[in-house]
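After this come two complexes, each holding chain A, first together with chain B and then together with chain C.
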Partner chain A sequence: MLQLDTVHTFETPEGVDLSLRVAGPLPRALAWVLDTLIRYTVLFVLSMVLLPLAELGVGTFLIMLFLMEWFYPVLFEVTRGTTPGKKAMGLAVVHDNGTPIGWPASLIRNLLRVIDFFPVLYGLGLLSMLINRQSKRLGDLAAGTLVVYAEAARRADTTIDAEARTLPVPLAVEEQRALLDFAERSSKLAPGRVEELAEIISTERGPAAVQTVLGYARWLGNGR
Partner chain B sequence: MKQQQFIDQQRPLWDDFRRLADELDKPPRRRAQAELARLPELYRRLCADYALARHRHYSSGLVEELHDLVQRGHRLLYQRKSIWLWRMVAFVWSGFPNTLRRHSRAFWLATALFYGPALAMGLACYFDGDFIYTLLDPFEVASMEFMYDPANPLPGRSEDRASASDFAMFGYYIWNNIGIGFRTFASGMLAGVGTVFLLLFNGVAIGGVAGHLTQLGFSATFWTFVAGHSAFELTAICISGAAGLLLGKAILAPGRRSRGEALKWAALEAVTLVMGAALLLLGAAFIEAFWSSNGAVAPTVKYMVSAVLWTALILYLGFAGRGRDAT
Partner chain C sequence: MQLDRISANVRYRTPWEGVDLGFVMARQWFWPLWRLWFVTALPLTLLAVVLLHQWPWATVLMVWWFKPLYEPLLLFWLSRRLFGEELTLRETLGQWRSVLRPRLFSNLTLRRLSPSRSFFMPVSHLEGLRGAERRKRLQVLSGGQSAATWLTVGGIHFESVLQFSFLLLVLFLIPDELRPGDWMEMLAGEEPLVTWLSNAFSLLAMSVIAPFYVAGGFALYLTRRSVLEAWDLELAFRRMAPRFKPARTAAALLLGCALLFGMAWPAADTWALDHAEAGQVIGEVLQHEDFGSRQTEKYWRYIGDSRKEEERERPQWDMSWVPIVAELFEYLLWIGAAVLLGWLLLYLLRLTDWLPQRRAARAAAAPSVLFGLPVTPESLPQDVAAAVAALLGEGRVRPALSLLYRATLVRLIHDHHVRIPDSATEGECQRIVGGQRPAAEGDFFSRLTRAWVWCAYGHAAPAADDIAALTASWQALYGAPAHE
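Up next, the complex of A and B:
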């Protein structure tokens, strides 16, 4: 089946299915650009401070260069779950099973970055991401990690502001669910659109139609 | 049960869980200890509610809210935190040498791929003074000859680095040599081809230089310079190579696992080897910067120290942590 959404579903040990929204190449590329900018800015400042200090400064700078080149993403991923660039793009790195990323996986995916970068500007990495259903670059394949959208905790508003009405006909489960979803989302839609949607199943027109459909939803959700 | 009844009945539990999760997001010192033990129980009940909400086809908003709560619990419950100092000690004492011994075939193969060409190229350059030019251009040869010329007051330093201090060279060796180790491992992802190439290439380069300089009669400066750090550096390159070969093997011959699973398993083993090799290279960088470059030490002392280091390394890699489960 062709899927438009990049949703990765996995089962937890408790037997429930959780889903993660996998990030594609573009937001990840932007995150990388941001991280690279941060990295080079820090290195530039360090070079201004350290290099004039002659001998000791040069050695320290080279060690910092080494650390920034290989361990900048690792440190942030392991301690924060995401790098500053990824965080700005709303992304986070997790294991395939949704658990927070640890040292081994983060080291693997970031050491293998040089191969993803090969031959120029993430050539192999992009190819791998385009082929793979979960947009994994080679480092992600070896480390068993996913780059996902870090979603803010959603809260449901289930209060329905209408008088309950009994349904004129019995509805299938999917149809009942559509009515509940309609009630939940009606506060986020433009009034005109809400009326338009309500008129599809109601014989009434305008705000009256909305009240009728919300009434059905309230009867389904609350019972009275 | 109607959706709203379900919500009214279970909402207190979800709020409890949310409060506990907020508590757990705080730094450890500011947490209320007694509460934490409730996490697994609350989480299991939350999972049951989430499964029920989905099964009964409650509204998307409700299912999403519960999904996000379960997700949060999943991340809290299944995170791994341990005392990093203890893990470092366990890694050095048993994890790394045990893993290396588990993959001794990959290690010996990498060693052969490195020392074989090194020996061949070394002999060729030793018996033919011009053979080195098949590998390096005249400028590189001149620079290398300058570095180890007995007349050079700072052996091992090229002309443009003559003024660099020991500490600056320490930084340079870390950046350059550990980087080479990491790249040798990573290029194993190209079905092992990259690793094999880097091992052969480094072997040929190092062997060629050694053979050429010996033939010129620069043994005194060259061999005394490299003797100290050779044990750690050469062995670490072979270990990085072994790690790369593990990746290559997982891709080419995954055995009874799927390619993806084999790769994940091999990478986990390989990263232990690479980190061990990085520590060895760190030691090598230290020795190379502060000991090898010290011209005041008598050659005999340098060779003795080298022998001690080789013996210690072989004993460590061969015997440390035997009988312990590598974890």
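Up next, the complex of A and C:
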């Protein structure tokens, strides 16, 4: 059965599957708004300082305007992998194969903003993002880049409060991860729901089942 | 609803990713959703046009205002489709009464401007909650995230961007001769044709964004529930269960765990509970923390400035320093330009080898070993020609040729300053020498190289006469140490 998801998988030559969590139009639009705000704030401050300085000031300001317009995203993407606005939204730009973006790709995708902007306020870019399966705007299509979520969805160190129990059966990596996830998230779930979940794989009932499953997780967490 | 029939990948997601999943759903099922939107929106649009044709702006406002009338059908279709049940248009419309009824009036009046409309819709339409229960449930589901609001804000902007993009595209494409005026004027003016065109594109933009908006809100709702109720863990556990438990219990479990969440579409799932009993169970469930809790939040609020008016007056800035700084900048720029020019000149001099110390430095950096042969003046005998003749006399052709070749390289590098990188091969040496030295030397060197390469690598020793001829040429060219 078809399983809808936002993940784009890329298989490396070594046969490793990389999962990239592609970002959609909404977070990207918000990131763009943030970047625009930052850019114009900086330009506003610069104009306050530079414009009173007669011709030198105006000249410098015009140069800064040019640089901010065309190279603000390029510089941040190449050096940091993401612009400040994207970073605030937890996004990053990578090549289609998941490698960090370099000068050529970043230049292409940012110079083509002009086309995406056409006819007004990224009209073409928005349509392209709505249609394309990986939410790419035209610049992304030309440069072969993806905008993805940078950090993992969650990272919490939890101590598992249960006695370690040996797993009765061997488990695949994803299944082991599900057990550890259970231990990590059980404190945030409703207690009844936790018991219900634990009873699925335990023959015991109620809190005892929870203890058993937490015990499995503890055993896995200890690395045996 | 049965979780194992869901046709979206259930995993832990952030709210933003939830919205993105909704966009994927809308993209996947765009055409049925789009059609469904028009089925309800189009009659209303026609009605609005008939009623309000004097005021074109009012028609589009009316169509826009009645959005909550079109969206529940999309949500209904989507919620069924996601769990594998594909309803036809007729089947969907057959349910319109029960689908549209919940909270329709308040949705069209009081709550029309609610920023989380798409996210709240599943709660009132799919869970069927109302009043205080609904409010508490929403609070829990929202869980402090604001993606739903941003989805609405984004949706509004996406719509207007699309609308004006379509409109401007058409205006741009009209040839100048056929266009009555400048497109800016046309846009701002009261031209009825442009206004109606704009309205039509507004309708088109709304219809395009609507599936994404509804699906975005629905997926956000599912994501929040799947986080709060750990759907991903449940699916994973159920897949593992047969191995953890003996077959008998597993079968019973599969029956029991066809977990039914309360999606309150009429006649969706019926349970054999009598009314009073059901009421009690519902009461117990609603008491639970999942359906509402109390929290204290602290935040800063601006309560005005306590200082008096005159204290707040802005200081006058002293601007006399500005020209001084400007002048300073000018000098700095001149100095910078001078430094840059000087550096460029120096760089040019280095490139063209006009600086004497540069030449000396290069001579010092001459390679001492080329392809395994030592090429320093110290490694040569005093009289090269005599040494070669002596080696030939002993019948040692290879050492003789090697010595001749090395001696030539040494002379070229140290006396004639031919630049040979220490990574060069014999062929490259030959090309370099051919390019930098007179034709006679180049010719000699290529003959010598050929002889040496044949001898060294091909083990084909040249005739003694050839070597003697080469030695004679060498003596003529390099015999007396040259000093340029």
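What we mean here is this: the second predicted complex is superposed on the first by the 162 of 224 C-alpha atoms of A that agree within 3 Å, B and C clash if a C-alpha of one lies under 4 Å from a C-alpha of the other, contacts with A are read in each partner's own complex, and residues count from 1 in each chain.
Keep in mind that, in the parts below, a contact is a pair of C-beta atoms (placed from the backbone, for glycine too) under 8 Å apart; a residue touches a chain by one contact, two chains touch by 3 or more.
Note that this is a predicted model, so its numbers are computed, not measured.
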| item | value |
| --- | --- |
| Which superposed partner A:Ser135 touches (first chain B, second chain C, both, neither) | second |
| Partner chain(s) touched by A:Gly102 [first = chain B, second = chain C, both, neither] | first |
| Which superposed partner A:Gly192 touches (first chain B, second chain C, both, neither) | second |
| Partner chain in contact with A:Leu126 - chain B first, chain C second, else both or neither | second |
| Chain B versus chain C as contact partner of A:Ala29, first or second or both or neither | second |
| First (chain B), second (chain C), both or neither touched by A:Pro168 | second |
| Touched partner set for A:Thr203, first chain B, second chain C, both or neither | second |
| Chain B versus chain C as contact partner of A:Ala183, first or second or both or neither | first |
| Touched partner set for A:Thr12, first chain B, second chain C, both or neither | first |
| Chain B and chain C footprints on chain A, overlapping residues | 54, 56, 153-154, 174, 181, 185 |
| Residue ranges of chain C touching chain A (in the complex, touch as defined) | 7-9, 11-14, 16-17, 19-21, 23-25, 27-28, 84, 147, 150-151, 154, 157-158, 161-162, 164-166, 168-169, 172, 208, 212, 216, 228-230, 232-234, 236-241, 243-245, 249, 253, 257, 288-290, 319, 322, 325-326, 329-330 |
| Chain A to chain C touching residues, read off their complex | 1-7, 21-27, 29-30, 52-54, 56-57, 89-90, 119-124, 126-127, 130-131, 133, 135, 149, 153-154, 168-169, 171, 174-175, 178, 181-182, 185, 189-190, 192-193, 197, 200-203 |
| Chain B contact footprint on chain A (complex, rising order) | 12, 14-19, 54-56, 58-63, 65-66, 69-70, 94, 97-100, 102, 104, 107-108, 111-115, 118, 138, 141-144, 151, 153-158, 173-174, 176-177, 180-181, 183-185, 220-223 |
| Contacting residues of chain B [partner chain A, same complex] | 2-5, 7, 43-44, 47, 50-51, 54, 57-62, 64-65, 67-72, 74-75, 78-80, 164-165, 167-172, 174-175, 178-179, 182-183, 185-187, 189-190, 194, 247, 260, 263-264, 266-268, 270-272, 274-275 |
